[in-house]
């Protein structure tokens, strides 16, 4: 095992060997295996946005096997999806790539109110499907906070007892936040902190903007002159906010569609000390060849093979 | 076992042998046994609409034994009903036809609010009654989404652990949808996707119209030129939306009352790659002879014996 | 055992021997034992209406032992009451009469809102008190439907597993119904159907009026010319709605206070195929001698000894 | 054991020997031991009204040990308090006096809404502290009725299974009642009936006034000419409403502060057939000597030593 | 073991040896070990206020190991933090300082409504991390009282059964209180009483002001002339309100930032009989050297080494 991976595993000293083994699986698999960086393929958009919006651009994606194959061929560290998508391929692709079962999901048919996903899977589901980790979305800022935090508390405890890793998507959203505030630097850093305090091993946030949302935070950012001018600086601040870099922190690809823009974002994440990316739509909505090339470029950046 | 049934069972590789055996029972029973097509008789209208509205047209239907006999004589693949109706015949007709216990039901005495059926049976009830599957209705689009999704999550997990198959009725309905939107092509396709992601083995939806409900979906349907002009095309799109055809997808008979119109609908389902029909009121509200002839015609279409 | 009782037990083929034995106890006990008809004494009015309104007219009724004695001396098939009343006599009168523990109750101190009784006893309470059955009230039409249906689902499943019978009081009431609608023929028939579908062995409804509440039902009653002109006809329709007579359906005494009027009602129930009566206030609010004579008359009608 | 105690225990024939033994402990302890009368010291005012309002008048009462000593020295039948107060003395005073653990409590910092105490202890807490009984407050008339009744249902069942006695404080309060109605004779009698039906072994109510709250009850009280003119008559009616005197019914001291007035109330309770008093503030807010003299007078009245 | 510690342990006679051993660990550790006084380092501000507001002033604090080291070097009695912070150091610092796992937490992204923290850890988490105690925040005065009290009831019972101590942060807040009332002397004393009655072993409150919030309390404070003019007097009253000093009562550092002011407060707490302080922001937001000096001064005051 690489020194970097051993160093990272060292941060999780409170976890049982089973959980650390599964973290090692995530870190050691694929083209970035051993580097301490990760690129994960997540495909929950069929649930979250509907099938046509997710898969019509590249209809191969309607087939659940396609995403296993894409993640394997691209050399991703792991593939993350809801129950149905994993059930539809876990046997056929058993042992080929670490799996992450997303345990809660929203859809776009129900609107309004403070956001709170439905719980759609269990830790035992993750075990029977051979997964290495559970995934769970929280929406800090939502009025349903206690429900979501209570769910991940219980699921996380069970996952750790049963030797799985815990990946938390931490997306601020809800009554107390402006739309702009959802990606504000103070709010994203706070979201990373909350996920870490809730016991996540791996944390996923969105790339933060330079906006500062909360007045009480603004005073501190100004007084302490926290540098948040560039994306790399902001990534560095969020990494710091996740236990000073001692928790694996990865970033979603966000809305960006233009490949050069994405690569610039990836470079900033890398330079700011981020651990990697979790890239869904920008991967599986392209034809396979393009997607492999695209993911290859991303991985090359993280691997330090390209600037 | 026919090659087609073996192929279908191959899609459910994550399931235990018990569940696959019960899926095989559904697929191998009756006149369509072995074809990969299914016609199921469901009788929950007594609960949903009341006894007179359901059975007065053909009073034999007040007797729970009638529906067992109808399903057996017609050569249906399975008979689905709520707890009381199955308890009243399961012993007498044991081993004669696969049974599906509907685990939740609504009635028409309580109105208003976002729809959420009452849970009226358990997985252990299904086991003690000798059922092959549980049935469960979800209403995507309802504000009670999390409650329903959470229930099927738990019931589905238990059913799979205990070797049963899971059939999900996925009927969009609720605050976020227009009346027309409940059968819109984008919404029905989405409903099929959700049921599949929730882990259903068999999914029941309504035949979709050409209406597209959601603005974000409309853009995609237009950009990608998804063909939804004919019912067969729409069925094909919904089948694709259910894991590219790798989940059994069947259609309800809907409101149509005119026999030729129903047969045309059935042909479109067949031609679009649908797996079959679940036909309640159009069967048991006719006199027995007529019902058998009617169901025979439907099965002949699916069996490819008639155009 | 009489042929009629054997026939009735035959309807409950899905139940375990313990439950069928307890159904047989109800059917074989008392003056109507073996006839397939039942007269049950229920005393939950102390809880539902308060002590003075229930017992001041005949103060003997304040004493819980009185009702055991009344039911035994009158030769009733069973005695039904809430936890406290049964606890206060179950030991002293053990083995003298089948008991039904009412597991939920309302009081008249809390008003407003959709009705939902409090759960006040358990299946294990019923077992330790030597009961033959549990009793449970549902209010179809109430916005709290899912809560009540969910409770009886769980309690009914447990009772059946532990060899008890399940008696459901099905009283339509709540936001969706007019006051007149609570006893409308379509609504009472629907209430009987719901209780049967929920798995009740014995169903108690109120004598229906000729009013038809729901527009969708009215069309069917008129089109199918369902006869509901006389009480006997209406009883026949409700019996039919309870699985075509294959569930034990009994009627409450209602508000009637005049003895001849009650006897006429009882005759109509008998002639319409009803299985009997459950008579509370009209029994225990009379002096013992009058009550015994009154109940004797009712039983004679059911036994066919008087016209 | 005295005949009276044996007679009383005879009313609880449905209970296990452990529970009857604990009822005997309550009845046999202290100066009134064996008489069938009880005087219990309850100290939950620190929780309900705050420490200064409860204990500043006699600061010894801040110390939890004081109340154990007061109850022991006065010769009370039992001492009742919330978890913290009992934990703080149960070891030191083990075996000196029967204890009752109050399992739910309110405070005066949160106002408004229908009253519902917080559950603050468990049956297992009562067992580990060596208690003879659990105590629980219900507020009949509150919109939170189902929650409270459901809690005492479960706690009472567990207590009876584990050999403890169940004491219910039944205080009508909430949306459906006027302030005056909370102590109206019809409402207090109803509250006693509800507690008895819920399975309480010992019931505590407030001394009722002559007011009749509910119109439907008023008609009955007038028609049946129920005597409620004097407190003794009203006590007799409430005792009757608690299963015709076959449940132990005790009365709280209420607001009265004047010793002669209290003694007159106690005499009325005795003469009306009440089983005793539960006196908190009027005991522990006096200096120890006065309190002992005061409680001694009360007990002498119940023992029949003074008129 | 010192006599004082033995005396204190004597107050917890109802607890099992495991719990008393853990209380002894808290009392015997660090520079104040054996004195019966405690200074605890709590670091939940990252969760409660966000990372930058908590740690930017002294960026070492982003690293979870920093707080372990600070607490150890300063000679604190214990270190208290949420799940994530303890998981990130419990293995590395095992056996170096007693730990308290905070089991519920709020964040500042969700506003409005009655306050109720999310449950974020379990008793079993505390055990696997080697903690001596659980920590839990209640907000007396909140409309969510029953939820919080019910949670600590269950968690406290489990903790005591499993040999842990229970520390309760009791912070009045919510609909029924004015902002000023949250630290009013009557309200803080009441909050201490509630925590004690709920079974807390150690209680944390805020230093009270001289304001009296509740009218009913005001009458008593005036009538009984309770001295609340100085902070020491007020501390004495709150200590008295926590079972007359027989529960360990400590005080938070509050908002004060000026070191001399804090030391004056600490002297008042000591002189009023308080058991110590729990000081977060005023410790870890200073550079390490200053923080050690600051905490040293506080401990010297409690140890009686300085006036």
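When the chains are written out, they are named A, B, C, D and E in that same order, and each has its own residue count from 1.
Following the convention adopted for this analysis, contacts are C-beta pairs under 8 Å (C-beta built on N, C-alpha and C of every residue); 3 or more make two chains touch, one makes a residue touch a chain.
Computed from a predicted model, the values in this text were never measured in an experiment.
*Asks:* If I list every residue number at the interface of chain D and chain E, are over half of them used by both copies, so same, or under half, so different?
*Replies:* Copies use mostly different positions to touch.
*Asks:* Can you give the whole-Å distance between the Cα centres of chain A and chain E?
*Replies:* 36
*Asks:* Can you give the whole-Å distance between the Cα centres of chain B and chain E?
*Replies:* Taking the average C-alpha coordinate of chain B and of chain E, the gap between them is 58 Å.
*Asks:* If I count partner chains per residue in chain C, which residues reach a count of at least 2?
*Replies:* Not one residue of chain C touches more than one other chain, so the list is empty.
*Asks:* So what shape is it, when you link every pair of chains that touch: line, ring, star, complete or other?
*Replies:* Basically the chains close up into a ring.
*Asks:* If you start at chain D and step next to chain E, which chains follow, in turn, all the way round the ring?
*Replies:* In ring order, starting at chain D and going to chain E first, we get D, E, A, B, C.
*Asks:* Touching residues of chain C toward chain B in the complex: what are they?
*Replies:* On the chain C side, the touching residues are 11-15, 140-143, 145-146, 149-150, 153-154, 157, 172, 174-177, 186-187, 189-190, 192-194, 196-200, 214, 216-217, 220-221, 224, 226, 237, 240-241, 243-244, 246-247.
*Asks:* Quick one: which bits of chain D touch chain E in the complex? Just the residue numbers, please.
*Replies:* 46-47, 49-53, 56-57, 59, 62-64, 82-88, 90-92, 105, 107-113, 116-122, 124-125, 128-129
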